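Labels run A, B, C, D, E, F and G following the written order; every chain starts at residue 1.
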Amino acid sequence: MSDTIVQFLDDRAYYVASSSSSHGWVTPAGIIPVIIAGALFLWLLQALPAIGNGETLRFVWSWVPSLGVNVSFVIDGLSLMFGLLITGIGALVMLYSAKYLAGHKQQARFSLMLTSFMLAMLGVVMADNLLALFVFWELTTITSYLLIGFNHDSAKSRRSALQALLVTGIGGLALLAAAILIGNVAGTFELSEIRAMDNVLVQSALYLPILILVLLAAFTKSAQMPFHFWLPNAMAAPTPVSAYLHSATMVKAGIYLMARTHSSLSGTDIWLWTLTIAGAATMVFASVIALRQTDLKQALAYTTLMALGALTLLLANDGGYAITAAVTFLMVHSFYKAALFLVVGILDHQTGTRETTKLFGLGRAMPLTAAAAALAGLSMAGIPPFLGFMAKELSYAGSLEVGSSPVLVAGAFLAASALMFAIAGIVGFRPFFSKAGTPMQGIKEAKWPMLLGPVILALLGTFFGLFPAVLAAYLVNPTVAAILGVTGEAKTLQLWAGFNLPLVLSLLTFVIGYLIYAFATPLRAFLVRLGDRSPSFDRGWDKLLAGVLSGAKWQTRVIQTGQLRFYIMVTFITTLVALAGTMVMRPSVILPVDLSSIGVTDWLVFGLVLLGTVLTIVTQSRITAIVGLGTVGIGIALIFVLYSAPDVAITQLLVETLVVVLFATAALRLPALGAEPLKTRWFDAVVAGGMGVTVTLILLMVTTGPIDRSLTDFFEASSYPDAFGQNIVNVILVDFRALDTFGEIAVVLVAAIGIFALLRSKPGKDEA
Amino acid sequence: MEPLLSILIGILVAGSVYLMLARNLMRFLFGLILLSNAANLSIFVSGRMTPGAPPLVPDGMDVPPEVVANALPQALVLTAIVIGFGLFAFALILAVRAYRSLGTLNTDEMRVAEPKEQG
Amino acid sequence: MKSIILIAGSRLLVALFTVFAVYMLLRGHNQPGGGFIGGLLAAVGFVIYAIACGTEGARQALRFRPTDIAAVGLGMALFAGVMAAFFSDAFFTGQWLFINATPEDKGIPLSSVLIFDVGVFLVVFGSVLAIVFALEEEV
Amino acid sequence: MSWYLSLPLILPFTTAIICYLLRDRPVGAWISVIGSALGLVAAITLMALVLENGVVAGQMGTWPAPFGITLVADLLSAVMVLITAITALAVAIYALSDVDARHGQLGYHALFQVLIAGVTGAFLTGDLFNLYVWFEVMLIASFGLLILNGGKEQIDGGVKYVALNLVSTILFLTGIGLLYGQTGTLNFADLALKVDDVENKALLTVIAMMFMVAFSVKAAAFPLFFWLPAAYHTPSFSVSAVFAGLLTKVGVYALMRTFTLVFDHDVGYTHTILLWVACFTMVTGVLGAAAQSDFRKILSFHIISQIGYMILGLAIYTPLAIVGAVFYLVHHIIVKANLFLIAGISERLTGGSDVFKIGGLYRASPFLAVLFLIPAFSLAGFPPLSGFWAKYIIVKASLDEGLWVVAFISLAVGLMTIYSMTKIWAEAFWKDHPKGFEPTLSTLPGRRALLVPVVGLALLTMVIGLMPEPFVIFAERSAEQLLDPTEYITAVLGADAVPAAEITEVAP
Amino acid sequence: MTPETFLDGAILVSFVLIALSLAIAFLRLTLGPTLADRVVALDMMTTLIIAVCGAVAVQTAVTAFLDVAIVLALVGFLATVALARYAERRDPLDEAHADD
Amino acid sequence: MIEIVIGVLLLIGSFFALVAAIGIFRLPDVLMRMHASTKAGTLGSSLILIGAAVYFAEGVTTTRVVATIVFLMLTAPIAAHMLGRAAARNYKKGTKTTD
Amino acid sequence: MNMFILNIALAVIWAALWGSPTLLMLGSGYVLGFLTLWFAAPVFGLQDSYFLRSWRIVRLILFFLYELVMSSIRVAWDVMTPNDNSTPAILDMPLDVTSDFEILLVTNLISLTPGTLSLDVSDDRKTLTFHAMYADDPQAVIDDLKNGMERLVREVFE
């Protein structure tokens, strides 16, 4: 490891190196990601004709074949659409960021994380192997975490990052479980193979758990109620991140997952109703909250929630209209929402604020920004001839054909679209064109790298509104086919579909939407009052975390008490329960106990040890206890003497003597024993007695059974002839089992070293 | 003798557990000694007991002429005694050192590594 | 707490203990005894000396640091095991050399096993002394 | 053959002796590094041998099994020895900077090498009593390291550590005596055979429980883990790293060895209990971590939690589950040791270990940040790091057996692990230092020795994560060996020893 | 009565007497009252065990027990010295309470 | 015949052992008790050991027994002195002084 | 010279312990003894007065054994008879022997003989404190010891 590397990677050093070029934006850190994203975009673009023709491309690299995990990618309509959005918007956002963060001392890290995210996200939508998909899924979670916390010195950022991580983390784990179950049911992790098996999942006994797990993953990632709350908080990230991750791409990973598994999991009531209810609830709830916001970014965040709800709601169905609508809406939303986020970022960057109450009439100062905002806003508002209009029409059409409750679904769409209309005005129109307040002075138009993104995105919404057939042919139709698993279901994208119910609903949308826009301020005040009284999921999450944390603390206080006595008690009780409990669960008989061979010396020894033990226990005097221990030691040595173990007896005596010596010497430095409070000792006595009885019973069972002496027979036979020693015990120690002895003397040596160190340690800083 | 010794071991275990559950670290150490002894005796008794016949090969013979005590458990016990001594010595000196450092032998009051106010 | 009687006695005891300890060590392969017992006995002798004359005197008498003696002992024991490698045997295979061996009598045995036991002796001796000295010198 | 098995033991002992005799000179630390490097070579050689020849057994003193002591390496043993050697080398290098001359004089390097020898011995031995001896070698060395040059905290933690470990040791010893009394043998392979002939199987189960309790203390399983959080945050960082990496794993290894090879007669009872133990261990450990704010205390409780995963693998007792346990074992040693090493660097840079009272590391060094994130996210089970595969296999094994609750618990515990790791990350790395000072890595004295092992271990984590296939295949083969002991028994006792019934025996 | 049976009887009687002695010594050990009393009792017990070793050696015709006796003679001394030193060093005024 | 000698030695030895034990039990203070244990105890054990030496009647064993007795007689008084000195301090402080 | 004697003595003890007084055993015992002495050399204060007078030794041993038996019988009598006729006291006796070994011998022998128990030797080695069981006439007890045991010991080492 060379010092220069450390230095290079050291932030301060790096910052010094990079600050010289901090005024320009054409730095490696700024440009390389753009090049990568652009190249990937172009590469995907060239696959468009093939996919348009209904082909799919598949690449397989074997990764962990023994676990059935491959890195396999498939490019069909769905993944290509997502891939183009990811790389295309990615390239624009990265270009934008190159300027937005130019000179920021952590720009390089930012670029690295953002690029990593893009690649991970690309992996999610291209992966054919479910586990590979999971791997990329989790990578998006991690990179998202790091990006949300990019302003890491702010506690709010850190909290938001953690919240996002944990909520999507729950989903990630659910996805892992789902993947395993699906793999078990289908026998493969390859999604294309699973799709090819007709209804293999739906008919499986594990369908319900699989579905729940998959939806948990999708709902958390795509912020469906009740997991929505992390998304607005994620706006703590720099604006390019919000634009890219939290509106255009990552949050749609959940949508992608539902779309991807649509043909394998949908078609059941539970799929239909779960998605419908979650989608509708999210959509309506988010649109109401959106109106409450004064921060433009927050308002956009809630409309993103709304869009995600709408997409979920549409994916609940398997009708052609609904799915076509979903695909179209997904794309258009990505265009206009990314554009608007970037616009808000420009406003923030140039004016220093994102508050609707401060931003008015900037159209003159920032004409290009205003134009992009207006175009994107019109698309969002669903006004013809923008692509947003078509998406809305299809959505209404789709909602009218749902299997659940057309009135309810259409109603929800109506409410949401109207609010979307209003917010499009608030974000895309008012800051630039409203005369309701005085415009800020000295505001300049942003530089082109920042403008390029919103302008292109806004123009795309317009372009495809005018020429929907292009989009339909190359992307919408293949995507719908990929989702539904059958071709030809896609409905036509058209501006004029005749005077029908969807059109009526559209018109109604504009009227209501305008009213909301006009009365936005009083409405907001009312909603804020309402909101203060309503339960907040965000606060609920905090409470949940705090609850878990205080539960954890309580548990730790109860278990890890810091009291040695408690630890020992639990250890002994555990032992007692394990042994005595097993003796109850697995009873066995004690063979008859032979008491005839007990002689007078045996009783002598018994008495000696017993009395020594009792003396040690009852005395309040240290030295009496030590003497009592000595008695026990002598008694035990006597057992070894009487039962033919002279070596052991000698060793026991020597060791016991040393123990007494050490105790007596140590006692010179230690305080008197003192009495133990007897109140709690009865329980100790019960545990102790239980242990004693248990051990005795086990020993009786062992010793009344037969004994296999084959090892000893060998030692007796070989000791002298082969090992040249008459003391069999010693021969075992130094020859047959010399390794034991070697370890044993190592213990003795290390004990000495340890003790020496213990006593010679500096009576350090913290000692009295 | 095995049954009597089994009972004796039980008594040693009970006594040692009772001592180890005391607050005073010295009593814990007393209990430790007793428990070590009980464990050694368990091994010894598990190998069965033979009086008056140490496992020695008499001079001029290749193997013991008659039944001698089971040598293997004796070797194991011997090893265990010495190891136990090493461990005990360390524990005892640790107690001395703990008293010097912490000013108490009452384990309830030994709360430096895991202070009371912690979570 | 100096005791002239004990000091006088301990000087004699050190020698007696040491001789007896070595005796127990060497005969351990055939009679009760061996490295542990020998090492413990030798250590006990010096412990008595340390109690009588103080650890400073005992350390001087010992000349080497007790833990060094023990470490060398462990090295010897290890060497006794590794020796087998020179004779292409497994770790800790006993290597025997019988001096003056006749058909009836095996003669004087020299063996790696003895080296091992001496190692055990030294480890036990050194370690016990290190422990006792350290404790004696505490406070 | 037997020298290949002995060498991983001989080397650390030799190094320890030399280090101790030269303890007053600064070269001790370097001798420790050289010795560890040689140990690694020996471990790699052994691994190569086992990979080529299958289970390798050697008889110490050339006395035939089951009479003499057997050293035996199956794949599990070999990989544990290898990973021990890797950890040892990493920590020995780290110690060049982390351990000062004072510690060296008190015998740090010798104690460390003996610890490694003890751990290695425990992994290699094929004899129950010999296992006890190595446990004690390891234990006494850990005692010494734990209190080395210690202040109040270390002594206090040491008291609890010593007390509880001694209790477990004595239980283990008693269990050995009882098992010998019932079977008349100590050799694992022989035990595996003799246990089948034992008439009183109920009593055998009782004795098995004794071993379970004893090893569970060593492994820090619920509810016997108290000693670990009481002590692991107190010694020097290199010490706690090697403790965190290796010590509890020896307990897990012992559980895996005995409860596959010997005590497989009442799996429905013993392994069900292990299953409960595993779940409670995972949960209490991870909750304990959530309650902590000290860098090392958090990590300590996570050791417990992850021990739960390993025991879970053993408890489920299917081939895949054992694969998971083996994989987890290997992964966790690398990752956990590394995190403790990083904790040491963090303390040096920030001057504290309470994550709420330190900060600024991310700003200070993105390099260190990456080095932390790799093991931290690996520990949390994020793909594509080593921990992911470990977690995946365990979860899959539980789901395969329909153990929904167990799978749920392991996943939830994974989530809580993420929480703890991000707590460290957010507080120590992201947050600015509350006292305002800005740590710098590039001027830290001795940083090379501190960073080399961290980088090395992080790379290993990445390699396992990105190229898990050989490791999974390895774990599969070692699981096969564990569940069908024929190869093990044949290697130790010879082909004749295995009765026909045992050969055809199929793991449940 | 043959000499052999006399010897057997004598051994048995010796055992009984020594056992009795041990019991009495233990009583003193328990009663104290001073530390020195207890140590005297313990020392006495050590000496008695030496006697037991001698008797067992005769009973079993195994000389190995005499080795135990010799070791006991050696180390019993150490224990007594250590305890005596404890008794002497301990300041009775400082620790006059519960301890001894 | 030699059995009789051995038996008598054992009996006398154990008698003295008992005397010593009763002595340390009955005599009024610790110094008096030490008289009993030092003298009668040592003699008792020694006689029993001599009995064993006679029983085995071989050079090595006799050497060992003699060594044991010498050890005993060397150490027992030293131990008694150590203990007696400690006891005497309290003795002087407490009950009576002589000179 | 002194060392040489001690060394020979150790070699003899060594050979005796092995029970084989062969030249080999004596030789090895000598070597071992040499090593032991070298090892323990600082232990020995190298006083002179180490000259063996065997007949005086024998006389001392016999006298001592007689006293030991007598004292034990005396103790036995006192223990067995219920009345307490002892008059215990702690006495000081001037000490003429000077070397370590002599002091050791004197104090040990006094302890093992009737009615007396050595307690301490003063730091200047001039006074022996002992406990006497029958100190009706303290001076008589002291004189007895001086003329008996101490004289015999002194003569051995003269």
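The rule we apply is simple: a residue touches a chain if its C-beta (ideal position, glycine included) is under 8 Å from a C-beta of that chain, and two chains touch if they have at least 3 such contacts.
These figures come from a predicted structure and were not determined experimentally.
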_Common touching chains of chain F and chain C_ = E, G
*With contacts defined as at the top, give the pair, E-F or B-E, that has more of them.*
E-F
_Cα-centroid distance, chain C relative to chain E, in whole angstrom_ = 27
*So how far apart, in whole Å, are chain A and chain F when each is placed at the average of its C-alpha atoms?*
78
*Round to the nearest whole Å and give the separation of the Cα centres of chain A and chain E.*
70
*Centre-to-centre distance between chain F and chain D (centres being mean Cα positions), rounded to whole Å*: 56
*Where in chain F do residues touch two or more other chains at once?*
15, 20, 22, 34, 42, 44, 60, 64, 67, 71, 74-76, 78, 81-82, 84-85
*For chain C, write out the residues touching at least two other chains, lowest number first.*
3, 5-6, 9, 12-13, 20, 30-33, 36-37, 41, 44, 47, 67, 71, 74, 78, 81, 91-92, 94, 124, 127, 131, 134-135, 138
_In chain A, residues with contacts to at least two other chains_ = 552-553, 556, 560, 562, 564, 568, 572, 603, 622, 642, 644, 646-647, 650-651, 654-655, 657-658, 661-662, 665-669, 673-674, 695, 699, 702-703, 707, 709, 711, 715, 725-727, 733, 735-741, 744-748, 750-756, 758-761, 766-767
*Complete list of chain pairs which touch one another*: A-B, A-C, A-D, A-E, B-C, B-D, B-E, C-D, C-E, C-F, C-G, E-F, F-G
*Inside the complex, what are the residues of chain B that reach chain E?*
51-54, 56
*Can you name the residues of chain F that touch chain E in the complex?*
1-4, 6-8, 10-11, 13-15, 17-18, 20-22, 24-25, 30, 33-34, 37, 41-42, 44-45, 48-49, 51-52, 55-56, 60-61, 64-65, 67-68, 71-72, 75-76, 78-79, 82-87, 89-90, 93
*Okay, in this complex, where on chain B does chain A touch?*
1-30, 33-34, 37-38, 40-42, 44-59, 61-64, 68-72, 74-75, 77-79, 81-90, 92-97, 99-101, 103, 105, 107-108, 110-111, 113-116, 118-119
*Would you tell me which residues of chain G are touching chain F in their complex?*
13, 16-19, 68-69, 71-72, 75-76, 78-80, 84, 86, 88-92, 104, 107-115, 117-120, 129, 131, 133, 135, 138
_Looking at the complex, which residues from chain A come into contact with chain D?_
1, 3, 5-7, 9-14, 63-67, 109, 131, 134-135, 138-139, 141-142, 145, 149, 152-153, 155, 158, 161-162, 165-166, 169-170, 173-174, 176-177, 180-181, 183-184, 209, 548-549, 551-553, 555-556, 559-560, 562, 564, 567-568, 570-572, 574-575, 578-579, 582-583, 585-588, 695, 698-699, 701-703, 705-711, 714-715, 718, 735-740, 743-744, 746-747, 750-751, 753-754, 756-758, 760-762, 764-767
